[in-house]
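Have a look at the structure below before the remarks.
So that you can tell them apart, the chains are marked A, B, C and D in the order they are listed, and the count of residues begins at 1 in each.
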């Protein structure tokens, strides 16, 4: 008997719980050259902003121990070109399409989300209120409960399908921020975005990123991500999309046990673009061995001491 | 010409900028069997509490990607036995002795610190207001500016030599907490303690730590620690002791460039107990090559974009 | 207290003992001559995909040649990577570590209780005792495993001339059952005639049962324990066990060898 | 667009070319036959101490045998670990990747400008051209380095029968100076007589100078660029360069080969 891999996030059914993470799969075109995107539970696009952005100058990535730093700077084609050039391709893919939305002011989130509301190919949006590059007075939206609630509430008014709030790990209490996002009308959470970090070249004394700092991702951050997924799970009943260092089937199982209904693979795609496909297959083997009939039965089942 | 490795923290001169981190070198006895402790800039003891503590049941450590989790639970001999059994040994070592102080209420910090004030062998104390195991209503002291200021101020009244406040990375703004600690009378900061994280065994569905979560340490967290050291450096003029994932001379140089005057080595001692000694030697070679006459000339010299 | 070395050694031989067991011999280890039975070494893999060191009991030494042997079973990532090592590969060794076995008096009857991967330190202990003149027929070497495949290095054990008692849970080799059952039978059958001393190393359940046997029949001796060991030298406090008298002991440096009855197993 | 493979290959030969240069040949790579000059492969080291893949130009292929060769210079952690690989070691290869060189017309005079570690793709290009019937004497192969040691595989280049122009900054081999100075002399001396096409690969400064030469003298051609490449397939946006026409291009998949004048170097 093949285990049932389907999971549901805010009423949207996914063929399996594995998504590709925002900023780590472009708009899907490159991965579609490697495997049919129908093998993914969902694809999450690069963050879309109102205007096109080139992002920060290179170097904008750096290698670290079991991870990497990036300060791409929300490089993207902007909402106009996204709708014109990318949506037609995405509409043809047999996978759930989640568009990640970013902005530097609430108005920008609202405008981009409103435009996406008219695009039926967009199944959900993921609000990136947690990017170190999105500032209002030097503070991430996602680091502040009030701003989090306000931005989600504002988008809620213009977007009628599910909204996933992508939470920042760079906070004292991620569960408090999750509460605020839920209050604003979020349907689900993505946990976590990258941790703020930096790295310096000891020869030139230059930061390794032109942005001076960036986001730490990859296996290095997995323990932090798992703890935060579990903290949100214990606080809120909304579904959680777990993110952070997932590279193997057992990583994915750990996230589900800690409370994630679905997972996103980011950095691991750079090491092996087939990672989510492999994880789905190997997770099936695991479930069979454990005689578990459905992947969703793992959610939150960690047996705490 | 040999580079000058001496650095000064709050008026206390260290032979070199490398210390061993609290909880990673016991009370110094084991390392003294490997090399004279005079090779260290300073030794920081395991956190000392009022009463002896056995800590959490095992398993209380777990391996992660380029790092580890621990939830030792502040196991220590307690202030009485510390003074009776450990101080005489430490007093004989030709290194600066920093005693790390922990407690679960401000009174406890005060009492332990007052007792240490009478011990001339104790050159400084490091206030551990950042341990995930020290709770007041489920919240770390170090996650809250008010509690941080209060606890440092209370200890300030009873301890006359330098106080280093050890800051938690599990906060929205470590610079704000640093401000609060300075306000309370801290003379220096240790940045950072461990990041909250967890890990689950996918066979047994059990957390890998009986405490369910623990502190992530090791090279995995180095980029986060560097960014936090730099954030505190840009906010405050007090000296910083950089901690987090330091394993090589170039790690140590990165920390100094980001603003650390001295550094602590924790997890790397478990891989190679000689790490700080090696770093001091290799840093000398680096300084010579770069024609820099004193290690302290590196502090804060990162050439930001 | 021995001052351990922390230095690079080189794999000079890797022998596949079947059923995931391997014998690895490392050369150029300056402290080989100071490794006693019960000592362990803390092995750092050359790739930090295995981040922490792994403790491995010393199974034999070639003093003059600065060689030490470990015998391992592939259980997880660290042991798998060790089994993949090739001749000439560099490996960093910290050791010898821990408190070794106290050797018995030469006339004593000795019961060894080895379970699975706990066998290597007892092999070394028996070898050392025989080399030092202990009459091998006084050594009752009980060695238990799931099945025949878990009992490795049989010829080597037998060559020592000791009394070899293999025990398997499926009866595929030696007597059927748990090794501690066989030991209990031995003790009860000899009761009063000999005053043996017991040495045990193996999985948790086996150690617990051995400890109980010792206390029940008043047989003294020592057990070598396992625990997760981040540092191996007493500085992390990750490896503690509860002592019967109260308080904790660190397995890495207060042990790994403890007296029967000392630890709550 | 070629669908790249992502599969394990095996080192079948490692040749020390001196001065930190190595030639590595990997076997069992199913897409060897589809690797064109200018393509690169993205190499994953067997230990994640080197966490990200490393891009390496294809230097030659043995189609039937499913073998590809790369030539590397040890510069940092990744290349050091590659140079330490031993015969039989498994390595994961993602490739072929990128846009390869556009081959010149058969009658064209071709100027190759190779600098240091940028030499491998041009070696492959020249080899392929000659194999396809391009008259080797039409290929002016300029190859620059600090000193003689940076000019590797000389016999192999010469065997192609092309016109070989080594250039060193210290004059220890060939002409003295920068390779682009030698190229400029060549272009000015032949001005009007030939309409060459230029291919360049090498360090940043060399590429910039080659690009300027091309634009100054109206010589078209292509340059192969380098950039830090986390993914190699266009999904991370870490490897961008500024285009002269405005906007960005990704070096990994819009390049690494770009037309002279296309990119702001």
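As a working rule, a contact is a pair of C-beta atoms (placed from the backbone, for glycine too) under 8 Å apart; a residue touches a chain by one contact, two chains touch by 3 or more.
Just so it is clear, the structure is predicted and the values come from calculations on it, not from any experiment.
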item	value
Between chain A and chain C, the fewest steps along chains that touch one another	2
Most distant chain from chain A, judged by the mean position of its C-alpha atoms	C
Gap in Å, rounded to a whole number, between the CA centres of chain D and chain B	48
Whole-Å gap separating chain B and chain C, where each centre is the average of the chain's CA atoms	37
Chain A-chain B separation of Cα centroids, rounded to whole Å	33
Residues within chain B bordering two or more other chains	64-67, 218-219
Chain D, residues touching no fewer than two other chains	48
Chain-level touch network, classified as line, ring, star, complete or other	ring
All touching chain pairs, where touch follows the definition stated at the start	A-B, A-D, B-C, C-D
Contact footprint of chain B on chain C as seen in their complex	1, 3-4, 6, 44, 48, 50-53, 92, 94, 227-228, 230-241, 247-248, 253
Touch list for chain B against partner chain A, complex	64-67, 69, 143, 170-173, 195-200, 202, 204-207, 210-213, 216, 218-224, 226-227, 230, 245, 250, 253-254, 257-258, 286, 301-305
Partner chain D, residues of chain A touching it in the complex	23-26, 29-31, 33-34, 46, 54-55, 58-68, 70, 72, 75, 218-219, 267, 269-274
Residues of chain C that touch chain D when the two form their complex	46-49, 86
